[in-house]
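The two complexes that follow have subunit A in common; it is paired with subunit B in the first and with subunit C in the second.
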Partner chain A sequence: MNLVWSVLPDFLVGLKNTIILCVVSFPLALLFGLLFALMAGSRILWLRGPARIFIEVVRGTPIVAQIFIVYYGLGALLVNTHNSFLAQLITSWSAGILTLALNYTAYEAEVYRAGFSSIDKGQTEAALSLGFSPLQSFFRVLLPQAIPVLIPPFVNDFIYMLKDSAVVSIIAGTELTAVLMFWVRRNASDPLPFYLIAIVLYLILSLPIAYVARYFERRVRAAL
Partner chain B sequence: MVYELNRRTFIKRAGQAGALVFAGGALDALLAACGGNISTPSTGKTQGTVTVQSKGLMLPGVLQWGATSDDGAPYVYKDPSTGKLIGFELEIANALAALMGITQKQIETDYAQLEQALQTNSFDMIMNGWEITPDRQKVELFSQPYYRNGQQIVVRANDPRFSKYTANDDLSLLNLQGLTVGTGAGYQAEDILASDPKIKLRTYDPDLPFNDLALGRIDAVLIDYSTVTYYVLGYGAGATVNKSLKIIGKPFEYSDYVVAFNKSSSSAKTLQNEINQAITILKNNGTLQNIYKKWGLWNSVQSQIGVK
Partner chain C sequence: MLAGPSTRETSVRLGQGLWPRRAGSDYFYYVLVVVALGAFAYYLYQYRQEGLVYLPALLQGALVSLVVSLISTLFALLFGLMGALGRLSRFRLIRWLSTIYVEVVRGTPLLVQLLLWYYGIGQVLAVAGFNPHSIAFEFMTVLQNNSLVPDAFNGFFYGIIGLSFNYGAYMTEVFRAGILAVDKGQTEASLSLGLDARQTMRHVVLPQAIRIIIPPFTNNFITLIQDSAFLSVMAVIELEYVTIGFALPQTNPNSKLFVFVLGALCYLVICYPLSVLARYFERRLSVEHLDV
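Now for the complex of A and B:
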């Protein structure tokens, strides 16, 4: 038990870093996901094509491979520019955030697409016939109705991201799983307490999020 | 190493790795047990004369040792040109098995899982640059040392901060204070670096930190000298001299490589004795010295552990 208290500060630093990674990456994924969803639903081939290719490539490849490509591939390319700013751009932090954000952009784009297609086409048609511009009809009619449908999958994906952020440990990041593995290696004869600490900390993160999300979902539904 | 995972929690990952190690070990033992009609990929010697007994083995006639060949140079790794396993520890395993008149077989296990795999009797022993730690002493028995290894500082060759140092200077952890220093996960250097709060430690797994050092993302690497012989100095098949890096200072913080056995296994003591006898012979008849010279590992401190 003494051991647990002595390593807890270390684990809390890891927890903090996991939170930072996700809190920065997820809004980026939501923003770019919306952009890609609109592009993928566009009638213009030059918007639709690249967006579909991006979504399928990212969804179809492992996040472990993606993080290596960003950290070592993109990182090495930038170092070779011999520009001191570019060369130091890719750190385990920026590579982690970039990879998580891009990976989840693809998933969130699909969530948006499913959400929008669940709203009756008549809604948009009615808005257009009432003289709304396409942009207005999207932001004032379609999006507000889609949000309650979108919240549950978003929360689900955010909880996935909390756990997926563990991949940052393989590029020498210092999030929760990296801290866990550090202590497991030093106490390999009895690693279980450390796994338990990490499990509890991950749960402490994800359970309240699921709860709060359910609360807001009810509120938003009631407001409509 | 787990490459093909996407949406999985680390819990699943840990569970799967554990299960894989366990299942892999069981399957291997099963395959080896039916060795009559299934060819096992053991790189071994033919049955020869018995100088040392091998009564402590789980499987008579096969010395099974756990190690990681992935990124395992120069300990045990696949020769990039032939795909065959090579490495100085593979040569030691061959020499040990030859003395016992048996064959040897390396059981591939992720470095971080070696201890758990030993506890589940997936193989007879660990031989993988393994060192004695207080934690390992709780559950493992150890052989006498077969190699004395120091920690080596590696920096970029063109880094002006280190231009005044040569490989013959006496440097220590103090010279790394204030710097960001990388090492491999589970290496002795990880513990050594973590003990100094003035050093910013970065731990790499499964990769080694040499890429990031060359790219300028870290200031220095502290790692086993034996790893440096391959990745920086270019000893061993497939190795090239890394011109962008250089070693500074003599190795320090020496510790010994030993063979580890499962303390809770009934035959561990017997095998420990037999391996100790075999290592003594290899130290005295020049076999170990020849292996170390071939791999660029030979230095004067080896005489301190009795290698002649």
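Now for the complex of A and C:
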């Protein structure tokens, strides 16, 4: 028990880093996801094609492979440029944020697409026939109606990101799983208490958010 | 999406028969895609000597990944079915147990769970005298085939347990949603026709639920294949482990990136056809098709 109390501050630092990773990456994913969703839904092939290819490639490869490509592959390339700025660009932080943001961009794009297609097409048609420009009809009519439908899957995906941020521990990150692995290696004879701490901390993070998501889901379903 | 009634659509309609449906700039796009694919192929071709050395091992790793994923999926189905029936059970204790299982597993990262199974529980059981590798080795020795037992058997054993335990929780929710989506009238009708509860579940509810279950199940299978890459942390020689093993010792950054890209490409080759299949199922088995 003493051991648990003595390592708890370390784990809390890891927890803080996990939260920072996700809080930085998720808005980026939402922003780029919207961009890619608009591109993928466009009738202009030059926008639709590249967006679809990006989404398919990212969704077709494991996040582990992606983080290795970014951290070791891209990192080695940049170090070799001998440019003092580029060489220091890829750290475990930036690689983790970049990978999480890009990976979730593809998934959020699909969420946006499903959300937009759930809104009646008549809404857009009505806005256009009332003289709204396409941009206005999207931002004033379609998006505001889609947001309630979008919130529950977004919250769910945020929980997924909290869990997926554990991969950053593989590339020498300093988040919760990395702290866990560090202490497990130091106390290999009795590792179970550390796992318990990590699991409880992850649950403290994810369970309340999951309940919020379910609450929103019920509200949305009641409203529809 | 941003589309209004555009002029292009009318021009296409006017020109139908005279001009192919695709506008001219779209052909340029396809030309560009072909050029880009060619450039990517040329990129791979440049590293053909290394690539041909690594490819057999990578394909073997891909096979291991696939086999591990298939076995894990089978066990996950089992866990999921038990979990779903548990969550819909009449007994409060069983309901609580399966709810705790789902919430804890879905609230923690797969990586942490795998580490717990392999380094945590595996270690404790090994101290207590349970070693899956030596049991399998002795068993296969009796069958005169102990060379078939891989050195990383413990990794396989706990990896498959960890993966299927994790995905069992997700399958639980998939099954539960599927079972709940079957109209209550079906159950009532079959009960009033004299079938008992077990027969109702087996012959009436589950066959109808499967239709709803298949698309999310396929999606789960795809993510399971991708998540099997986590088994590389427990020395299971699957695709990602092989990739890392070839890539990290490379001193030339370009060939390092190449090996990682090649490994990711193998995953893409496996997962993309499956996701096409999943979308086909989604279309075919969607609710609109149900009541036709």
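Keep this in mind: the second predicted complex is superposed on the first by the 210 of 224 C-alpha atoms of A that agree within 3 Å, B and C clash if a C-alpha of one lies under 4 Å from a C-alpha of the other, contacts with A are read in each partner's own complex, and residues count from 1 in each chain.
Heads up, the rule we're going with is that a contact is a pair of C-beta atoms (placed from the backbone, for glycine too) under 8 Å apart; a residue touches a chain by one contact, two chains touch by 3 or more.
Remember, predicted model here, so these are calculated numbers, not experimental data.
Aligning the two structures on subunit A places subunit B and subunit C in a clash.
Residue contacts after overlaying the shared chain place A:203 against subunit C, while subunit B stays out of touching range. In the superposed pair of complexes, A:134 makes contact with subunit C only, with no contact to subunit B.
In the superposed model, A:126 makes contact with neither subunit B nor subunit C.
Comparing subunit B with subunit C, the partner in contact with more residues of subunit A is C. Once the two complexes are overlaid on the shared chain, A:212 sits clear of subunit B and of subunit C alike. By the touch criterion defined above, A:177 lies against subunit B and subunit C together after alignment on the C-alpha atoms of chain A.
In the overlay built on the shared chain, the residue A:62 is in contact with subunit B and with subunit C. By the touch criterion stated above, A:49 is placed in contact with subunit C alone, subunit B being left untouched.
Once the two complexes are laid over each other on the shared chain, residue contacts for A:87 go to subunit B alone; subunit C is not touched.
Using the contact criterion defined above for the overlaid structures, shared-chain residue A:166 touches subunit B and also reaches subunit C. Once the two complexes are overlaid on chain A, the subunit A residues touched by subunit B in the first and by subunit C in the second are 62-65, 72, 76, 79, 163-164, 166, 169-170, 177, 180-181, 184, 188, 191, 195, 198-199, 202.
Within the complex, the subunit A residues that touch subunit C are 37-38, 41-43, 45-46, 49, 56-57, 59-66, 68-69, 72-74, 76-77, 79-80, 116, 128, 134-135, 137-138, 142, 159, 162-167, 169-170, 177, 180-181, 184, 188, 191-192, 195, 198-199, 202-203, 205-207, 210. The residues of subunit B lying in touch with subunit A in their complex are 2-11, 13-14, 112, 115-116, 133, 135-136, 138-139, 182, 185-186, 190-191, 194, 202-207, 209, 211-212, 215-217. Those residues of subunit C whose C-beta lies close enough to touch subunit A in the complex are 1-6, 25-26, 29, 33, 103-104, 106-112, 115-116, 119-121, 123-124, 226-227, 229-230, 232-233, 240, 243-244, 247-248, 253-254, 256-257, 260-261, 263-264, 267-268, 271-272, 275. Those residues of subunit A lying in contact with subunit B across their complex are 62-65, 72, 75-76, 79, 87-88, 91-92, 160, 163-164, 166, 169-170, 172, 177-178, 180-182, 184-191, 195, 198-199, 202.
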